[in-house]
Amino acid sequence: MEFQYETSFDVKEKINQSKVAILPVGAVEAHGPHLPLGTDNFLAERLSHKLAERTKALVLPTLPYGQVWSLRNFPGSINIKNNSMIAFLVDIGESLYKQGFKTFVMVNGHLGNQTALKEAARVLYESCPEMRVIYFFYPGMNNAAAEVREKSSTHNTYFHACEIETSFMLYLAPELVNMEKALTDIPTIPQHADFTPTPWEDFTETAVLGDASLATKQKGEHIINTALENMVKIMKDLK
Amino acid sequence: MEFQYETSFDVKEKINQSKVAILPVGAVEAHGPHLPLGTDNFLAERLSHKLAERTKALVLPTLPYGQVWSLRNFPGSINIKNNSMIAFLVDIGESLYKQGFKTFVMVNGHLGNQTALKEAARVLYESCPEMRVIYFFYPGMNNAAAEVREKSSTHNTYFHACEIETSFMLYLAPELVNMEKALTDIPTIPQHADFTPTPWEDFTETAVLGDASLATKQKGEHIINTALENMVKIMKDLK
Amino acid sequence: MEFQYETSFDVKEKINQSKVAILPVGAVEAHGPHLPLGTDNFLAERLSHKLAERTKALVLPTLPYGQVWSLRNFPGSINIKNNSMIAFLVDIGESLYKQGFKTFVMVNGHLGNQTALKEAARVLYESCPEMRVIYFFYPGMNNAAAEVREKSSTHNTYFHACEIETSFMLYLAPELVNMEKALTDIPTIPQHADFTPTPWEDFTETAVLGDASLATKQKGEHIINTALENMVKIMKDLK
Amino acid sequence: MEFQYETSFDVKEKINQSKVAILPVGAVEAHGPHLPLGTDNFLAERLSHKLAERTKALVLPTLPYGQVWSLRNFPGSINIKNNSMIAFLVDIGESLYKQGFKTFVMVNGHLGNQTALKEAARVLYESCPEMRVIYFFYPGMNNAAAEVREKSSTHNTYFHACEIETSFMLYLAPELVNMEKALTDIPTIPQHADFTPTPWEDFTETAVLGDASLATKQKGEHIINTALENMVKIMKDLK
Amino acid sequence: MEFQYETSFDVKEKINQSKVAILPVGAVEAHGPHLPLGTDNFLAERLSHKLAERTKALVLPTLPYGQVWSLRNFPGSINIKNNSMIAFLVDIGESLYKQGFKTFVMVNGHLGNQTALKEAARVLYESCPEMRVIYFFYPGMNNAAAEVREKSSTHNTYFHACEIETSFMLYLAPELVNMEKALTDIPTIPQHADFTPTPWEDFTETAVLGDASLATKQKGEHIINTALENMVKIMKDLK
Amino acid sequence: MEFQYETSFDVKEKINQSKVAILPVGAVEAHGPHLPLGTDNFLAERLSHKLAERTKALVLPTLPYGQVWSLRNFPGSINIKNNSMIAFLVDIGESLYKQGFKTFVMVNGHLGNQTALKEAARVLYESCPEMRVIYFFYPGMNNAAAEVREKSSTHNTYFHACEIETSFMLYLAPELVNMEKALTDIPTIPQHADFTPTPWEDFTETAVLGDASLATKQKGEHIINTALENMVKIMKDLK
């Protein structure tokens, strides 16, 4: 099921059986004092494995770098430009197409990547006409999060190293969370952040957007499983 | 020591102490019936850890895709174009520079990447004038291999899934090698392969360039350790 | 106030007094049987004039083409690629910077342009460090629309040629609306439209996403004025 | 006849009947104290309408920005790079081709755009093999101007805000001309201006290349109508 | 005086003395039955030497390929795209700048190159602010040709393998002309050739635009010497 | 046999007879006090003629500029970027393909060009599927040189202006060699030069890598003829 552990001699048959490839896409980015820089990688990768189990897909090696413009000035962040991401993803997609895949699912663990993933999908829409390209970022998570969160969100689309994302980690990668350091930092995100380039150091020193101490494995499980069910359902619908 | 396991709060101090980042760069590529598609990733990553131990460097997440033009038509290969690789690597390098690193070492597990790595290093030479950029591909391995190999090489620069690379895996990732399937395929690589684009399906069906059954952990250890010593020495010289 | 009606001899003084340039950005795109192809141009342009009045800004000529990937196969649509848009907008921005402007506001009438506008703003963030770049798409309209709409939205971000957008036109460009042809077409937008490239012909034949017959000037006025107030407020905050 | 005022429901039939699209292309550029910055936009747009009437073509929204390298340092000028122009025009052309047009006419009001228009036409020549692409810049105007001008030209190809261009405006957009401010500035254009990059501030402070006070509506009418007849004739020949 | 015959040890002093580099730029292109494919190379190169003698400049190796879109379908033509030419010329220019040159003169033997040369000069204008970049294409040749030509020109800017260009060759490279094969082919160049991409096979089978049999060394000498004097004068003026 | 001396009327037949084009590719680069800057051009060009005689190929005009990053800071060096080289070579190749050639041989006189030549060949492999593209850099020279050299090489792939390259010149272009100035400069090339960007001024002031005074025509003849035989043989094998 993990693509890179297969051999060339066996993989052709497995591609023929599955025809679905999943690429976890993450980032290296500041996530406060309690979560590691690779948080988005661990989430994308482990969620991909859960998705693969349910859909009999093959999981590609994680692309562990992403577009982190907003947090690029925080210690440890590594930023890939949109155009570099797009080119790289398109190359992967075109290889998968030649290898016989019919569905290419990018499981994204980092919101900042969505622009590049969507654009790459559109490029592949033209160059690989018989391959379906999907880019998932926790589909349906907003509603599911609303059902369990205790503190309201600081922004309508951003969530970061907070009650929600920390809960994801407690469910998917608990050994990498240090809840003793989970802090509460509820920034006032200025309204203009949606309308002008706004590096996050303008409104937070921690990169935590909320109260991470409220995170629980149960909250994470609820939201992640909802997202997972949505992903499975959408993939089924698209067949 | 693994960069993505650090937190943003701790990493700044560690960057200041080390100032050296190591990026393993691999590929997803056919490696015969006995080695996995991710062979170059496993090698690059594990060698990077050995190098980091000796140089107190920080190891970045592995970039697990590379330029595999020659084997791109084999089952399981995923090919990234040179320009896509270069752009991606330059973005990583420029982020490292802003983060305060003074040395950026790419430990490459796949010969086909060398062109992109060298070009990326030259771009960074201009844009990051105070950061040293290094691209290693088993320095000094040719002599060390000559000392231990039982069958002579099929080509003066290529080696692939053969006595040598399989030995690397037996030393660095033995659990991923299936020696029962190790085969012998000694192709006649046409002389023109160095002078005209020559996909490897022209001269091999297995992607094995030699006698993999002769591989041993000891051979791998000898060559890898020689390369490692060379890497350490070169890094020391460049300080 | 309209930049292109000024002369070179007078404009320098006016730039010095205002330092704020507004660029309306629209599109040529199918908008059903009751709205013209240039709807997004008319909206962006007339809204820009209202904004300019309140902020003493100079209004540039409308850029009347945009990225309309989703509707590009409908009669009359003209599609500009993201990268072409970005390059063009960056050139405009860099010229404005050299001319002495300190604020460059893009008033966008077409959702599909947001990706390009945001990316252009980030490029200009580096190349024009002392110019603020803003990209507005009816800020705060969701809440304002919720207060007046009679039918619920078909999608959480899309709205098109519907009760809402038609109301915008009845307020800003009533002479260009043919309400007799306003139709009701409430498509079921598949959930996957957010996760895979989905041309709109997959779910609508009309390009109307809702009940256009419910549009009124009053609804448009309410939402537009809310957006306008938000724009003025954000611009004030950013000074 | 104006494309953006049509609806998607009606436009298909009109495209089928005409198959000819006209794109006015202008610029925002210094034009002395008596002509507005948008002079080239007004000229291109109004001339396009005259041409459309005679050829039953559809007129697209004006592209109101152009390559103004030579005057880019004058107050009010906005400069688009050649490559940005080319990409944008190619996108428009390729959309028109998909929409069913067989002829794409760019009516250019600004000499500096000719390089980009010609190059775009050549790109489209390959990608849209059954669409004719035409780029007009007042065809035949040199002879017609010679018949009416009172002062000889300052340069064999340049004319700008002078007796000639001001006459164009007096004929096509008289309400935008302030003849009281029309001045005479007969620069000595150095011979080297044709052979080395020469910003116009090197030889003129006004951007007027001649005696604008000699402009008359009659002169403009004569030249414009000659150009118009040539355009009609060429389009007929090319059918 | 020929740059590539100098050694690295001597050339620095010569650069310091001259500071002027001349690059002949030509093309490989059909020139009828009496002139070789490299006509524009021979002309550019030999004219460059004459210019260098009079200006004490250093002559670089000829760039023997150019943009020959119009004749690219004729036997023997080799076509370089504008963007490829520009990039190549900019690289040469930036190297010359670093080497200490203050003037970079491109002596062009092929009209189709002018667009690329002019654009390259503008790029270098920004990146090499203290180097003057000049692109010459027989300055003043139109008037000089009018004084000696016996047949009128077929086009106001084109001339090709005709009375004029053949005369150039008879003066500069007579050993490469076969006057016995010089033919007369006076095509009617359609007016639209200036306004729509028009490959020359549309109006000529020979690529000769006129009466080559009227060529004489004297005509060539007259025009070339006029151009040469103009070039010398312009270079002097620009110092 | 020299392509640019042919006429358009004759060349078609010659292309049909030969179908093989040879492009000499060189560089302008420092080569010590005894060899001219154009050494690589003279070698590539003269070797190409020898090859053409034996293979009845047509020789194109020499591309006399190349990628000389390593020596770019030496007096007289002119450096072309890899991407500029690739684009230029691809344009030449695609034209040759349209002209009917079936084999495109690049005879390279400068090691630094190999990356660009190989990449160009791969691009052409896709766009010109029925044309063979070959890039030669003295095939088999290492063994042949070992047979005649008196001093061992300073590096396993570099050789420059030394015993070997000077011998090439004594055989192919003796009139351009000044043996009185041939010097001995045996630098210690640091091991890291293979792993990090290392301009050659770091280890040599002369750009001579060895003992040029040992050069003889016989050595050059031996190696060059070996390379030539290899080239002929490879071309034969590839038919």
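Quick notes on this structure:
The first chain written gets the first letter, and so on, giving A, B, C, D, E and F; residue counts start at 1 in each chain.
Here is the rule we use: a contact is a pair of C-beta atoms (placed from the backbone, for glycine too) under 8 Å apart; a residue touches a chain by one contact, two chains touch by 3 or more.
According to UniProt, the chain labels map to these proteins: A, B, C, D, E, F = Creatininase family protein.
Bear in mind the structure is a predicted one, so any value in this text is a computation, not a measurement.
Looking at the partners of chain E and chain F together, they share no chain. The copies chain A and chain D differ by a rotation of 120 degrees on their C-alpha atoms, rounded to the nearest 5. Centroids built from CA atoms put chain B at 27 Å from chain A.
Centre-to-centre separation between chain C and chain E, using Cα means, comes to 49 Å.
Multi-chain contact residues of chain A (touching two or more other chains) are listed as 83. Beginning the circuit at chain E and passing next to chain F, one meets the chains as E, F, B, A, C, D, using touch as defined.
The residues of chain C lying in touch with chain D in their complex are 3-12, 15, 28, 30-38, 41, 60-65, 72-81, 83-85, 87-88, 90-92, 95-96, 98-99, 176, 178, 181, 207. Within the complex formed with chain F, the chain B residues making contact are 69, 82-83, 115, 118-119, 121-122, 125, 132-136, 139, 190-192, 194-197, 230, 233-234, 237-238.
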